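Below you'll find a set of structures to go through.
Two complexes are shown next, each including chain A; its partner changes from chain B in the first to chain C in the second.
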Partner chain A sequence: MSTKIITPVREFADLLPQEYQDLVARGPYFEPKGIEDLGTFKEIIEEHPHCAGCGVSLGIRLVAASLPSPADTVIIGTPGCSFFGLTQTAVNYSNTAFGNQNAVASGLKRMLRIRYPDQHKDVVVLVGDGGIADIGLDLTLHSWFRREKVTTIMVDNEVYGNTGGQESGMSKQGQVLNMAPVGKQFPKIPVFEMAKVSGCAYAVRVTVASPRKVGRAVRNAILVAREIGPTYIQIYTPCPTNLKFPPNRTLEVAREAEKDYYAYEEFITEEAANYLARL
Partner chain B sequence: MVREQTVVSPEHLFFVAPREEVFITGSEAVAEAIKRANVDMAIAYPITPQSESMHLVGDLYAQGYLKDYYRAENEFAVMAAIHGASLGGGRVFTATSGPGTLRAMEMFPVWAGARQPIVCAFMCRGVSLPPSIQPENIEMAMLLDTGMMMFHAENAQDFYDMILKAYIIAEKPDVHLPVGVFVDGFFVTHTRDKVMLPAGDLKLPPYNPQHAPVPAFDMETPPMRIVRDPLLIKSNFISYAANASWHQEVMAAAQRARKHIVRYMGGLLEVENPHAKVFIAASGTAVSQSREALRELRQEGIDAGLIKIKSIRPFPEEEIVASTVNAHLIVVPEFNAGGWLAREIKAALNHNSRVVAGPRVFGGMTMPKELIVNTVKNALKARAGVS
Partner chain C sequence: MYAVAKVDTEKCTGCKLCILTCPDPNVFTFYKEVKKVAVNENRCKGCGLCAAACPKEALAVVSV
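Up next is the complex of A and B:
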């Protein structure tokens, strides 16, 4: 990465809000940082418009703190609550049409390999459950089938948060939501299972109640995507606003889900395991 | 394997390099353009009548002329991946037709809004229903306000030249917008025509992302504001004003392209017999049919002229006004049911009752020159008060 990307114009530097100055001066650019260091560096601007207690914003923060090379990472998103926080992280971020993220990432990753053949430029997709499981399912699966070297991360709040609490394919069966007035009629879409059979070399299902596991998964997934193939992480990031629980119960809700139906699971191919062991 | 080619200036490739005549299809003309365009990456999805050209572009990749190429899963994915590849700071190409254009629709304003100099060929065809794979250019009407620039080729020679020139115009720092290069499918793609080509070992200079008004998305240059801070996450006057001015800048960039279109393409339109009182104004293959009609009209003693419109966006409003000041009849033949070109011309002119919006053919019908001749003669009779 060029340091120009983070150097404010001298004449305007003192006009930057303190948070931005911190993002520049104490961002995670050149020293390895991890979940354990959270609070000692600036990975995200706190003045973002997520609701209080938002699981998605916590998921983004954990991912942002775990990138192995943030200075050479670009994040591709899509419409959804995740863009509130992602636009405020220390790394570059783009989102355009809903559901197109894995196709955009495919083209971008290939072009960065053409332009920087001797450098790792990590392309990470970070979007909601609706963005992956519903409107973008075909493009997600096809990027895996094609073995695109991209890491895909779902922040799964089991609902369309951004548009006001509608049913998503990842909502739980029976849950009453907007556009599911008598309860959802079918189970959660098994995206995690699909990742295993669609070409992903590494996949993890985890919740925000286990931050260290999230951190390890993000790191492994990005490293495996550099050399071996596509990787997938599905993080349970509950939404207090639309699932209507008090915002101070987010971690509890995640912990309960982890015990119940959102158990930690890791999938890794032999090739990916050997590769990680060699690092 | 990388192909050894000599980089030459655009001016040399377009105007100086000796050319030889070949007899090729429009699809082959596309491949001849891409061979010389120094494209980094192309992405394809098949649809008639586009497919053959993208097969040939794939062959160019296999021969080492391009650095990457793949078949994607659908046109929305193609145009999204092309957007991503262009964000990465390289030169890209793709093409589609009719239903593929509509399937990908959401991405075209994204290209323009992201200020990406993407070149996409459109081999126009009918869109369902009723289903048709036949030539028809109604999809152009649907793209008029996406922010993309739009050039309409008459024949294989135009198609070859316009694709190459589109890159150079699109990549000008004061433009930096996507360009669609359109032809009427089959008529141009699937017929052979004489095309003058420079040597195949010449190519354009590479795209230079350092000259772009918006930086590449590679963590080497400061990010573009619009991707870093999407304006939609703030709801206040400043964000609305920023959003509006961004749109205005996209439109202004297309206007700034005019001088480059004049320089490289010889103008946004061409006029034959400028002093005529009767004009046929057309774009695409309707121009070729109009030339035939013109010949017949002259033989019958009717002194008519021809306006060939090459650039649809930006649209040559002033040039059309200037070339028709003395005209009392302007006939606009089109290969679509909607009559979008006639609407554009009517909107540009005072006294637009001079415009006859037709003849129009669609659904795969051809446009016999007699149809145009009769439209002109009937309009002249009606205006003279003779029935």
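Up next is the complex of A and C:
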């Protein structure tokens, strides 16, 4: 998307809804905006049907606010809770069949490199744990093995939320869910550890309880993916509806997990660190 | 019954923690001149995350 496209013709400007006019007048496209500026500009996500207190929607909101150049970004999604918020974004968005997101992103990235050889076009995969760890694990790993320059972001809510609470590969061992009454029988899939050995140049594990770390990680990951190689971010976004806690405790739950098994961890290759230092 | 967050403008110091914890976009607006936040009640879902995060107890979730 270019800002030229979203700017309406002067004669029709007053016919457009107020929300759209706000987006053109106060959107984040024209000057760099970060997480610190939230609340002072019109955000690129619109009203979405996520539950009250949803961690996934908070994760998506923080990611969208920290995109380094939203006008030159394509977000790829896949069915799940995550795409309820993403279809309402004012950036280019493509939905895929379940699990195909990294294959689609690889193709789009290659095509955009041919079409715009002298411009950076960021391709960001933003999907849930089902899309990356369960159904799309092979395509995700293969895109890392091929060193596709794509940023992969997982919003990990540890459950299949929109279909009623089935256990996912990323659920905690022993977690009792609506459709896993005896608890999950095997541990979490170590996708973060796989990313480190599969060719990712930059990988971060973080929770929504530290928004500034999320913002920094997203910005670094997208910049590294422009030049060096694939990057991966795993954001813990607890689900109050299916993990059965009150919606105002989402951040508390995330903070407890951060102290326990979801500690902040950053992996960066030497090449990527040198590149970031040069910027 | 609907629940929304309300700001006590006397207690609000403009630390913006509520803005960083709200899962819904465009609910909070920050006014630089007075260093205070305002809630768009039509968009608020009343989850109470902002009230849990506010260090000054300036936010409360009330039913309307």
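Here is the rule we use: the second predicted complex is superposed on the first by the 262 of 279 C-alpha atoms of A that agree within 3 Å, B and C clash if a C-alpha of one lies under 4 Å from a C-alpha of the other, contacts with A are read in each partner's own complex, and residues count from 1 in each chain.
The criterion applied here is as follows: contacts are C-beta pairs under 8 Å (C-beta built on N, C-alpha and C of every residue); 3 or more make two chains touch, one makes a residue touch a chain.
Only a predicted model underlies this, so the values are computations on that prediction, with no experimental measurement involved.
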Which partner chains sit in contact with A:Tyr202 here, chain B, chain C, both or neither? Use first/second/both/neither. neither
Is A:Asn92 contacted by the first partner chain B, the second partner chain C, both or neither? first
Would you sort A:Arg146 into first (chain B), second (chain C), both or neither based on which partner it touches? first
Chain B versus chain C as contact partner of A:Ile114, first or second or both or neither: first
After the superposition on A, what does A:Tyr275 contact: first (chain B), second (chain C), both or neither? neither
In the overlaid three-chain picture, which partner chain does A:Ala105 touch, first (chain B) or second (chain C), both, or neither? first
Which partner, chain B or chain C, touches more chain A residues: B
For A:Leu38, decide between first (touching chain B), second (touching chain C), both and neither. second
Report for A:Tyr160: first if it touches chain B alone, second if chain C alone, otherwise both or neither. neither
State the interface residues of chain A toward chain C in the complex, per the touch definition above. 35, 38-40, 42-48, 50-55, 57-58, 61-62, 64, 211, 240, 246-252
Applying the document's contact rule, which stretches of chain A touch chain B when the two form their complex? 1-2, 4-5, 49, 71-74, 76, 83-84, 87, 91-97, 100, 103-112, 114-116, 121, 138-139, 142, 146
Quick one: in the complex, what on chain C touches chain A? 16, 19-26, 28-30, 32, 37, 43, 45-49, 51-53, 61
Would you tell me which residues of chain B are touching chain A in their complex? 40-41, 43, 67-68, 70, 72-74, 76-78, 80-90, 92, 106-107, 110, 114, 216-223, 227-230, 233
